[in-house]
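Presented sequentially are two complexes of chain A, the first with chain B as partner and the second with chain C.
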Partner chain A sequence: MAARSAFRRALPWLPRSPVASSLRQAHHVPSQRPFSTSLSASTPNPSSSKDPSVPDYAIPDPSRPTHFGFQTVTEAEKRERVAGVFASVAESYDRMNDLMSFGWHRVWKDHFVASLNPGFSPLGDPPRAPQHILDIAGGTGDIAFRLLHTAHVVNGNPDVRVTMSDINRAMLTVGKHRAARQLPASQQAALSFVEANAEDLTKARPLVPYPPDHSTSPDEYTGSEQPFFDPATATTGIPDASVDLYTVAFGIRNFSNIPAALREARRVLKPGGVFACLEFSKVVSSHPAGALFDAVYKEWSFRAIPLIGQLVAADRDSYQYLVESIARFPSQDEFRDMILDAGFVVAGDGYENLTGGVAAIHKGMKPRE
Partner chain B sequence: MSSPAIPRPASVAAMRRILRPARLPQRPVTATPESCRSVCSGAAATRPGALNASSLRSPPSRARIPRPHLQPAARSYHSHDHPPPPGPFTPAESALLSAAYKRVPEHGFTQEALALGARDAGLLEISPAVFPGDGVFALIRWHLYTQRTALADTVDEVAAGTPAGPAGVAERVERLTWERLRANEAIVGRWQEALAIMAQPSHIPASLGELAQLADDILYLAGDVSVDPSWYTKRASLSAIYAAAELFQTTDTSPGFRETRAFLQRRLAEAAQAGAAVRSVGQWAGFTAGAVVNVLRSKGLRI
Partner chain C sequence: MEVTLKRTAALVARNPLQQHAAAALAAAQHQRRRPFSFSSLTRPPPNYPGHVPLSPVERAALVVGAGLGSLFNPYRGDLIAIFSEVTATPYFIYRLRDAMLASPTGRRILRDRPRITSTSLNLPRLRSLPEGTVGRTYVAWLDREGVSPDTRAPVRHVDDEECAYVLQRYRECHDFYHALTGLPVVREGEVALKAFEFANTLLPMTGLSVFAAATLKPSERRRFREIYLPWALRNGLRAKEVINVYWEEQLERNVEDLRRELGVEPPPDLRDIRKREREERRKKKEAEAAAAAAAAAAASTASAAEAAAAAGSV
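The block that comes next holds the complex of A and B.
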């Protein structure tokens, strides 16, 4: 406890500190939704009259305030800033993940995919059904490649196709190049790339690489196109009840409007389909060992990670945002309640803590009507 | 020696009490025959089967035990020490697990059973992925939970007794434990796999918790009302006996699990014998220690 209070004195601005809580109070977030990424709009939303079952906070509104790390910005601004962050880190993203988590993120991702067991089907009659997996915020493909490997190789089920989707074209382009380098042809054939905003999956288009020529890095590219998906260019969309498994790993905290994204996930999933989310979460600090671990973890994330970002990726601000967004993400129970609120059912606690709560797996199932 | 006019003191200590009543409250109460008598009768009352002797402790039937109205009509009984939460399973989980449970005799406690159950329930083969960690353990817990709660429905039949007289607590414990073992019948061929999964380190706490709740439920339903340390020893010994009997059952091929029931009865009889022996030794040791202390006091030693 002594060490913990020393850390608290040294870092008075950490989450659970007065700063974080006063931020929350300052914006009058409703108490039943103690942590919404989208603070309730002061002006009535014109589109809210369309569907009375969708609450206001779950309807994307570009002018509504939300947070970007410890700053408060509008939803539209957050979208652009997040796009900027990931466009600038796309090239070094995988290397940085290894450095920041000592390679442990691979263990989390392996466990995440193993617990989903995609493509598993009992042998015998009737023949197994094909599965469609949608990997949102698929980025550089870590999850999608593991899903394909488990489905095609471990479970021997070639009837599984994966759609990798990301709002950020630079990240998705890195993923496409990695797929071409790493995956066997049969798995590449089962993988497709789609640009889309997870809050509105009715608008999407197949990936147009950014930058068009991979030899230029995103920083040097000076073309007229934006590094993130523009809904005006949409040519297709993801239909209702078309997806068996919706995964999002280390992406959902960057969304401008999480409730809207959860509802969109529910829309595209088939009844019985599973929503699975791997995300940084809150360290369980209810016992002394956990509290000590929490303090060490906070120290590492707020002091070391921005420094590593500066040294390795020459981009301190992006990694400062990364750790701040982790600190601002809701706790396990709050996020589970958001999943329930979006119309999913959960099993047990609804989540599974990894490494003492540094990360957590949340799952929900779309019930049958 | 003693004159008939003077009542003979029951013990040296009682004599001291008469002689020096003022000092008595300051010293710890030692085992006198009077105090021993109350302890002994207490011990006798907690012995299984002894409850019928006292009209104050008639075997409680389910109807007579007042139950707190925590969840009206959700459950048919309520354990007096552990008010159960609304059941560990949500309706969606229950639908999936009950469908998968029907596939267990054929496919075991496996992902196959879960996937087939999901299909039977009108869901997708991927649906069991919703369980945190491994869905297989949820399926095992479903068996443990549903069979444990189903015991409450058999309790009236178990308490009915025989023509010889109403069943005692020990007898009802034996019958309830047997009812619970019989509920394994459908899946007993797969139960060794399940025991192996339950013995995995991450599942041990939940498995032991279920075992403890089972022992608690059996003793509660049997009408055991002890509130002394035997509350723990009874539950611990019943848990051990049940676990052993279940293990025996997985290799039992006798018709109707006759051998398992004989095994269960032998173990329960041994536990009762051991309990009686421990109580007798404790009683003897307590009395002897008290007597030694009193003899020493009578010699003028200030203890």
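The block that comes next holds the complex of A and C.
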């Protein structure tokens, strides 16, 4: 008994239920719906009476079951666990990304931002109003920095400002330090940092200094020293129809409630504004070459990545969670349907596959009324 | 192993008179079957909380990665821990577990499964124990080194649950071995203790850690070769299995009694030797600096005298 609780204390990512049951669940992955809607139909949410057009599953409910990798947890628990994962990987995040994708994530991000082309004006005359870009789950800043560079330098439009938002203070702090080191002053001036939960952007606040004072041991982590944003301390919010471009790269699969986040995106975007999401997706395995690539990719993901995480970042479990969350994320078509369901319109297929489907860019536009 | 069984089974099956033998062989093969290389989506179920079974490829990768990583960055204690887990099988951890089973105290430890964590020892109580007891010596060592007991990382890659506890117990008792031998936490002391542990427990990680002696300074390497390695081998081989010491029960016992019973004699105090060497080096440097200053002063007075003589002659 003491041994078990000692194991759990030393490894806080252990599930409450025995691991064996969650591994058995892994075999049921294809038949389960990949997002947290199937189990909540029986419990009516009283707050849904506020807005009848918003379905139940799109309202964040802290006790609704969702998935954390291959385990089933409540939405509130998922938020805490994801916070722990990213607080622990923040320092080595960029190095691990390079090691896991052999540097290819840079190509994906470059292509993502180039295809969005922020700050571009076809007639050569910049738009009158300043453009506002919201980068959600911005973390260490890869996308925000590229957006600023493309807008200010490549397109010569200094009227573009970027708000970098993340629920995790540790990641956002790493991003802030990188910005101070890498960006020229004009771009730094156009960049602001905000802690927010993407499922409820009415509550947000400027970045709080992190990490907390190390005089307290990690065992005595109090609520005020959480590594992630607590909406009770919100001091501002992102207003309706205030954002021209909403980007989220490699973040949305970690959200507790994706439909809620999509609806928040629709709320903050201006009519005609663009929602763009870069995320891992399902490898296209209809072709035999694709099936072989998929098998190799899975072996790499589930065998090598947690091992590299252990050797480089001293954290096997966070990387095990990361690869499991990739496996649990909906396919390209399913995610496109979720985007349509949230009220966006898409062009063509609505997505573009990268590297044979390892990643995909989804774009949607908030319709003009 | 599997291939041999399959071939034997196929050969036997050709002879209809030995079908029953073939059936028995097939049953044995199925029972002994462990997937040679499993995908992580089909990883076998864990045997204890936190258990992550590794395939041979993963194991080999971790041996190389964790070994090199901990050699070049000894602050990565987690890599040393993983290295100990992936090199413990085959044979070595089973031998250690059997050594525990062979002793009545060891059997009691395996039954009780005591754990030592950063909070399980009552340090103020240990400080109040009389001088010369095991507990007091342990706390005195902690204070001298300026460290506190750590909660050690849990064992995750040893497949047998009991052997996982044996390795965990070894990991948690490491500080007690330090106190028993009096070796400090500097790299030199750790390497000497690892040599002692290898001679006593025969865990591969301890033996391979001795190669970290290559990263020591020349004077430290000489000391290790001349004093501490012979001490470690002599005492480790002669002593009883230290894994069988029920430390929680021995805290109030006289430490010399325990050392005599185990057959361990503490080595020359490493911190004293290092301090003396530092003092000698500092004195030598001061003497050299004084001599250089005196020589410079003599040279300057000589040149001043020359200049005066030259001026006087002009």
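Methods note: the second predicted complex is superposed on the first by the 308 of 369 C-alpha atoms of A that agree within 3 Å, B and C clash if a C-alpha of one lies under 4 Å from a C-alpha of the other, contacts with A are read in each partner's own complex, and residues count from 1 in each chain.
Note that contacts are C-beta pairs under 8 Å (C-beta built on N, C-alpha and C of every residue); 3 or more make two chains touch, one makes a residue touch a chain.
All values reported here derive from a predicted model rather than from experimental measurement.
After overlaying the two complexes on the shared chain, residue contacts for A:F228 are found with neither chain B nor chain C.
Contacts of A:A129 after superposition: chain B is touched, whereas chain C is not reached. Touch criterion met: A:K298 reaches chain C, while chain B stays clear of it.
Applying the stated contact rule after C-alpha superposition, one finds that A:Y93 touches neither chain B nor chain C. Judged by the touch definition given at the top, the superposed model places A:Q310 against chain C, while chain B stays out of reach.
In the superposed model, A:V274 lies in contact with chain B only, and not with chain C. Residues 88, 90-93, 107, 111-112, 115-116, 118, 122-127, 129-134, 138 of chain B touch chain A in their complex. Of all residues in chain C, only 39-41, 43, 45-46, 48-52, 55, 57-58, 61-62, 65-66, 69, 76, 78-79, 82, 113-115, 117, 151-154, 156, 165 touch chain A in the complex they form. Only residues 2-4, 6-11, 14, 18-20, 23-24, 26, 298-299, 301-304, 306-307, 310-311, 314, 316, 327 of chain A touch chain C when the two sit together in their complex. Residue ranges on chain A touching chain B, taken from their complex, read 115-118, 120-123, 128-129, 131, 244-245, 270-274, 276, 345-352, 361, 363-365, 367-368.
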